[in-house]
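Each structure below appears as structure tokens.
You will see chain A twice below: alongside chain B first, and alongside chain C after that.
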Partner chain A sequence: MPDTAAGADAGRGSPRPLLWACAALGGGLLLHADRVPAWAALLALGLLLWRVASARRGRWAPALALRALLALALVVLVLARFRTLNGLAAGTTLLILMAGLKLLETRTRRDYFVLVGTGLFLLLAACLDRQDLLRVPLYALEAWVCCAALAVIGAQGLAPRAALALAGRALLLAAPLAALLFVFFPRLPGSFWAIPRDQQAVTGLADSMSPGSILSLVTSYDTAFRVRFAAEVPPPQERYWRGPVLHEFDGHTWRRAPDAYRPRQALHFLGTAYRYHVWLEPSRQHWWLALDTPAHSPDLHAQLTYDYELLGSEPVAQGLAFEAVSYTHTAAAAPLAAGARREDTALPSGSNPRTAQLAASLRGRTASDAQLVQAALEYLRGGGFVYSLEPPPLGADAVDDFLFRTREGFCGHYASAFVVLMRAAGIPARVVTGYLGGEWNPVARFFVVRQSDAHAWAEVWLEGRGWTRVDPTAVVAPERLRRGILDLLPQGLSVSERMIRSSPWLAYLLQRWDAANDWWSERVLQFDYGAQLDLLARLGIRTPDARQLGWAFMLALLGWLALITWHVGRGGRAARPDALARAYARLCRKLARIAPPRAPHQGPLSLAAVVAAHRPELAPAVRALLERYAQLRYGPPQGAGQARAVAEFRRAVAQLALP
Partner chain B sequence: MHRRQGDDRLPVVLERRRLYILPTRAGAAFGVLLMLMLVAGLNYANSLALFLTFLLAAFALVVMQLCHRNLLGVQVQSLSAAPLFAGSPGVLRVWLGDPAGTARLGLEAAVEGSPRVAADAGAGARACLDVPLPAARRGRLRIARVRLSTAHPFGLFRVWTWVHAPLEVWVYPRPLGRLPMPVYGELQSGRQARPAAGPDEWSGLRPFRDGDSPRAVDWKAYAREAPLLVKEYSLGAAELRLFDFAAVRLADTEARLCQLARWVVDAEARGERYGLVLPGLRLEPDRGPEHRHHCLAALAAFGLGPGG
Partner chain C sequence: MSSAGAAPADAAALARVLTSLETVILGKPAQIRLCLACLLARGHLLIEDVPGVGKTTLAHALAHVLGLAWQRVQFTSDLLPADIIGVSVFDRASQRFNFRQGPIFTQLLLADEVNRASPRTQSALLEAMEERQVSIDGTTYALPEPFFVVATQNPHEQLGTYALPESQLDRFLMRVTLGYPDAAHERELLRGGERRELLPGMPAALSAAGVAAVQRAVRAVHVADALLDYTQGLIARSRERTDLKIGLSPRAGQGLVRAAQAWAYLDARQAVLPEDVQAVLGAVVAHRLEARDPAPGAPADFAAEIVRAVPVPL
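On to the complex of A and B.
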């Protein structure tokens, strides 16, 4: 049998399948609208709108050669923009553009299906790209629209509401099995192929710092990570989260030391060991933020560096969880290596002469390095320095300018100036960037550390103690230790964020939301190979072998199939009779008053005979109606006139007066 | 074609064990899409993408169930086909319904060599599908089996079954030829034309045949529990004609049959009385649909074995 489906050329009928296919594709497009280059989004959206607008009118399709040329041009454009076709951003852009081109030649049912498939693939790409809880309803909506579009393409007469109901019902029935598969489907411990890096949309700390660079972070209310302490919680003045440690200074910008292998400074850990769990939000950076000094690397995928930073082997693209142990007090177990000392006292020659003079005078007044540090802090405390997020610009000798002229700045300025001052005095010193503090969420019982908690401080090497944290900002603005920057400088907040902060009720909602997000990211997003093993172990499957899992899964699958078979079967029988059947039922009820009620096997004509036998005087009217019914029900269909004829029949039944 | 299980007696309700189901081309493409999504989800170890993939996979299984359910329990009420002329397409009319009154949408029917046609049976209603029959040569067209299928809803799967209810349709010779129509007298001189019946005269009842107009059915008699009868009217006639195979001045047998068919059709259309003489067969002049059918069927069967 030739497979020429009845809808081989679906374009001739109603424009509904096309509109639905466009809706499915458009939904996928909108999910990426802010991620792909604006020209690509606009081009695809324009093509989509054009196609929708021309759905009812005649179609114009450019020649094949022109379309091929257009496709080639778009590929070249994408290549020029991304330098690759691999990777999520480039792939998505290309997909969107090609789908736009496909719109130029959509005619058949197959074309519509391709559009819906593209919509689904865009949805998948959106899932790979962003997994915020807030976006999940959008994704669900898009999945629903895509499935409804499939329904309309499959059955062209389907009304939008019926299609949505059908697709929604099928998706709801599918959800339990999807959850089952989600839990039991074996995950990979690694990946099939290396995931290409996307270097766009980096948030969080960078591995360099100029005095102003932190500013872009501190005005952002986004969550950087969440922390839950297992037992003891460090006091507020010790909640320093270590990010990149910076050694090299060129007079303006601080950078990390070159990636040469250096042995880690040997340490004695002192005081309390803090155990905690961290959930990192995606930052596309390598940093795993840990409390002050982590004792060891928590994971094979992260390396504990020379500076006790945790450096992941992959950028944090999708959120990540780890468990760590940290100390906030340490002592060096070995002297500072000569090379490190040289590096951490180096300054650009001839720069910041007044700072060098200040260092020399401080050195003259104090007997030890520790005293010098205290004297420097005193200088900052008493020097009329102001904490401000909008400091005046600095000149060529930035530190001199800051210390002796403007005296206004925030953590970046203070840390930078302090370290330069220490180095000028011959004390090894370095800048540490990271986060300070965190907001306690009483609902979920964890700390939320936001980008606005980004901070920079200094570490100086003191003989006999080793690297010691000094936070010059805390001297100028002591309250910064207990509260976030945005509490100190609310003008940095957007209006909506200020509103949230001023209302306890909104703040509580926000905490609830954070807690929901936490659940989402811990239970759903981070459900990986390890989490799966944990869950199976909790279900009593200690060493899951394929056969056992297979059996368990098959059983569950059969249960689900039985359930939906029952449900599908039941759902079918509850169908509402059509208008003609309802009118006939009404007629039968009326006739039951004057004659024996209709037996199940009785057809309309034999019913007419029965009525005629009982009430001959009513027979002509009744028979006419029953014959009309027989003709409407069993006669050949009358096409468009059928509905009108049924409506007339219904009226006639309603008007039939029986004594 | 014979089946182990024997032929179906209509009406027949389609049961589970005779339904087959496979993905359509769109369904296969959907499967490939799911595989791609699975690989991407696993590779990126992305929970959300994996859940989406599983949701769509489960959705496909639900769709399979819904599709199967859409054909399961459908009642094949009747298959009928009116005789057709060779070379022109005919129609096989299939009535489908659901005894429970459930709506069955997107029901399709096809015979071998013909495209599928689709129709809906709304709740409590029936679906009437007119399957085009392939143009055939004269004789008797045997339709051994009809394929009923549905891809509703979603079109990802198609469930189908074969209904083995053999049906034979007369394929009349194609009415062709331009020879003038002979009158009775030309052939058998000396005999008088029979008196014609009056115009629009009620000429009696005859049993219902497929293809009769429902307007001609005597519903009142039917309501009195009588069999289905059709009222026949005669229109009155002008001429009396006799068509003789031997007298057609054409060389080719098929061309002669075509010419005879042309005359029969034309004479009936004009309301004339006509008879047919074939070697070994003589049909006395008469008229009416039944007579026309006898004549055309005789022409169709001419020279063919009893098997058609």
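On to the complex of A and C.
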């Protein structure tokens, strides 16, 4: 870039504009630091620091050719890493790298503005990416820094303190406008702002389960979803939240059944109907977690599969809320279809021979399927099995190994082994993954189900009863029903989490935080077209169309702008009135009833003269008051007595009776 | 408002000064008060009017009543700086130059028709006004204390006059215009004869020391921040106006505050009010503000407009 006059000026001047532009950009970079590859974040931050340091030494600027070469190299690097420049991760990485490069040729004021603009763009990208309550203060801070940087860099070149004050005031003035836009701006139904998501960050249940796979969830304290029951709350031993139901087993990994239409198993629903509201955290998965057996699909965007999974049509990317009705007791209304029976008794041939022997011996000892199930559970109870989050590794015949050698594992091992055992005995069985339990939050009055509540259990088909839930883990570790895994096995927790759980005070804070999060996701993040219609209906706009909304919005906008204009126009001339000015203004209003109102340029004594001319009989009292005001306002300050004198003046004004 | 402004002796003396002046100059109490305020604020005074309305009489009366030594110089086009300041004369007896002081070495100098003198002579006078000292042949002579210049000029006589440039007008704190007396006072004038003859019969109400004391007291009159805000507002307004050649100078602002202090003191108050500023504003800015397009509007109108445009701080 050629060295312009302005460039020389900005380059040699104080380093303050550069520092602020770098702060604005650096803030934007930090918002994305955990989203982009570490090398990219480090490179961009390194360039930033290098630029600041070189400004202090007064030496900088690589040649144009070098900069061009660097830019090209970085583009190639990003392409090599992501195979595309599209999408959130690749785009963000490219943006922060180029912003870092821009620093190399930053010398004019215009360049500083470009840096701040990039910081704001990064902020926008971050807002689209993640909207957790925890990040909101960070976003606000970055917006503040960026606006203040504009004030520092701008022609006026404000001092940092003044710039921060100005930016803060401007943002506060804009906040109501933002709220207006948020409430009234016409929303399009559907996820208009959905951005291409990367599939990398998977939290939550997967559509397959191998012996160790649940472990990664179990040690995570993140919230999976929140539930609020409308009336009846199921007892703890029935709080099973159904996720993926797994049918296919290859000797090592359990998988869902291949996608094909199957008629849903007809059921009689028994016992209490539980009605509840669920708020799902983003999981990038299709499952909508529902209590044991949902009665019907709550939403057009989710279908109830033949094995009573709730399956969303799209991955849960932004968080989601639904209302559902579930039962925890059911009975089959029709026999098991032949295809389903085949599927749920299939085992890989030749695997786990000792398990097959055990199944045969159990079959020989029992008269019915139900008795066999009980006998198998007895076997687990009495076989010296141990619940552990750190089981020894398993060999090729994983179930044999587990049942007869290691005898140590957690829910995945027990559910898997139990289902294999049942199938070996000819009983249709399947693995259900999901969550068990949930933590009651007394502040927000809902249950928080965390990833650490992830669980796997079994369902077996018993003739005459249909699919019946059996939880082999509960036999080995009955406590698991009432308490979370993490209570059972505290060594699975990190130090900070253990601290939280051991201190009631911290736990209370955490519950508060959960409640605030709940409010945030319910009221703000989920504020969609429907919620907008509800709100407008409550405001009296029954059938809003886009034009009406637009008018309402425009009116509100104009009103707000008028208010700001008035405020700014007034603020330029006079400071906020103090107590004395307020009392004097009141006196003037009173006097305006008996004489022409005070003109803006009239001082107190001229006012006294005007009043005296109109109402001579009141002149002495009025003149005394006005002289008192003149003394207080223009006389020498009276130190400590001043406040008292002002208060007395205010009382005297209040007591002034004008007949 | 407390009226413990001037000490009783000063207050009585000032009241006597005003009454005496009013018996000499009939029907012009406001102008007399302004002139007195100007002198008490240590400012020089410019009286501009047509001949025969009592300019010289007023200056004479001021000097007499205040008890000051005074000199009068009639300015003409051939007047030289030395005629005002003085001249060094070689004394044969002592074989050295002796400085013979000019008429400027007095307490009140009446410079009659100041615009008739050449610019060179004018500037010698105006320099002395600003510095309150004169330098001749490398020696500096301080002027007496107090030192006032009361200059008069006739605005309508253009032939053979040198109008004072703006930079020199700025050194006068106020410009006062007397104007014709009203009918009643004119009749009294006609009946009473020469007013100046009254002067010798009047006692001096103050002395040089008394004037200096009052000047010190004037400087002590309180000026609140709110009032400075107001003054700045007035000055800013004069600079904002596009129909004026130039706005008020910082020196004008200083003078405005000092004049307002003197006005408040004459009202026996210990604090300056916006009304004081408004009262002296016309006289302080009269010779400083000039219309860009000189056709309409006398400068006094500018003052009134500026006052109306600037709200008094609450």
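Here is the rule we use: the second predicted complex is superposed on the first by the 536 of 659 C-alpha atoms of A that agree within 3 Å, B and C clash if a C-alpha of one lies under 4 Å from a C-alpha of the other, contacts with A are read in each partner's own complex, and residues count from 1 in each chain.
To be clear about the criterion, a residue touches a chain if its C-beta (ideal position, glycine included) is under 8 Å from a C-beta of that chain, and two chains touch if they have at least 3 such contacts.
Source: prediction; values computed, not measured.
A.B. asks: Given the superposition on chain A, which partner contacts more residues in chain A: chain B or chain C?
C.D. replies: Touching more residues of chain A than the other partner does is B.
A.B. asks: Thinking of the overlay built on chain A, is A:631 touched by chain B (first), by chain C (second), by both, or by neither?
C.D. replies: both
A.B. asks: Name the contact category of A:601: first (chain B only), second (chain C only), both, or neither.
C.D. replies: second
A.B. asks: Considering only touches as defined above, state whether A:139 meets chain B (first), chain C (second), both or neither.
C.D. replies: first
A.B. asks: Who does A:644 touch here: chain B (first), chain C (second), both, or neither?
C.D. replies: It touches nothing on chain B or chain C.
A.B. asks: Which partner does A:445 reach: the first (chain B), the second (chain C), both, or neither?
C.D. replies: neither
A.B. asks: With both complexes overlaid on chain A, does A:581 touch chain B (first), chain C (second), both or neither?
C.D. replies: both
A.B. asks: State which residues of chain A lie in both footprints, the one left by chain B and the one left by chain C.
C.D. replies: Dual-contact residues (chain A): 573, 577, 580-581, 605-606, 627, 630-631, 633-636.
A.B. asks: Under the touch definition given earlier, write down the residues of chain A that touch chain C in their complex.
C.D. replies: Answer in residue numbers: 573-574, 577, 580-581, 584-585, 599-606, 627-628, 630-631, 633-636.
A.B. asks: Mind listing the chain A positions that touch chain B in their complex?
C.D. replies: 1-6, 109-110, 113, 117, 120-121, 123-124, 127-128, 131, 136, 139, 143, 147, 150-151, 153-155, 157-158, 166, 170-171, 173-179, 181-182, 185, 187-188, 191-193, 195, 318, 524-529, 561, 564-565, 568-569, 572-573, 575-578, 580-581, 605-606, 608-609, 623, 627, 630-631, 633-637
A.B. asks: Using the touch definition from the top, list the residues of chain C that touch chain A in their complex.
C.D. replies: 1-2, 222, 224, 226-227, 270-275, 278, 307-314
A.B. asks: Any idea which chain B residues touch chain A in the complex?
C.D. replies: These residues of chain B touch chain A: 25-26, 29-30, 33, 36-37, 39-59, 61-63, 65-66, 69, 100-103, 105-106, 108, 110, 112-113, 115-118, 120, 122-126, 128, 147, 151-156, 214, 219, 222-225.
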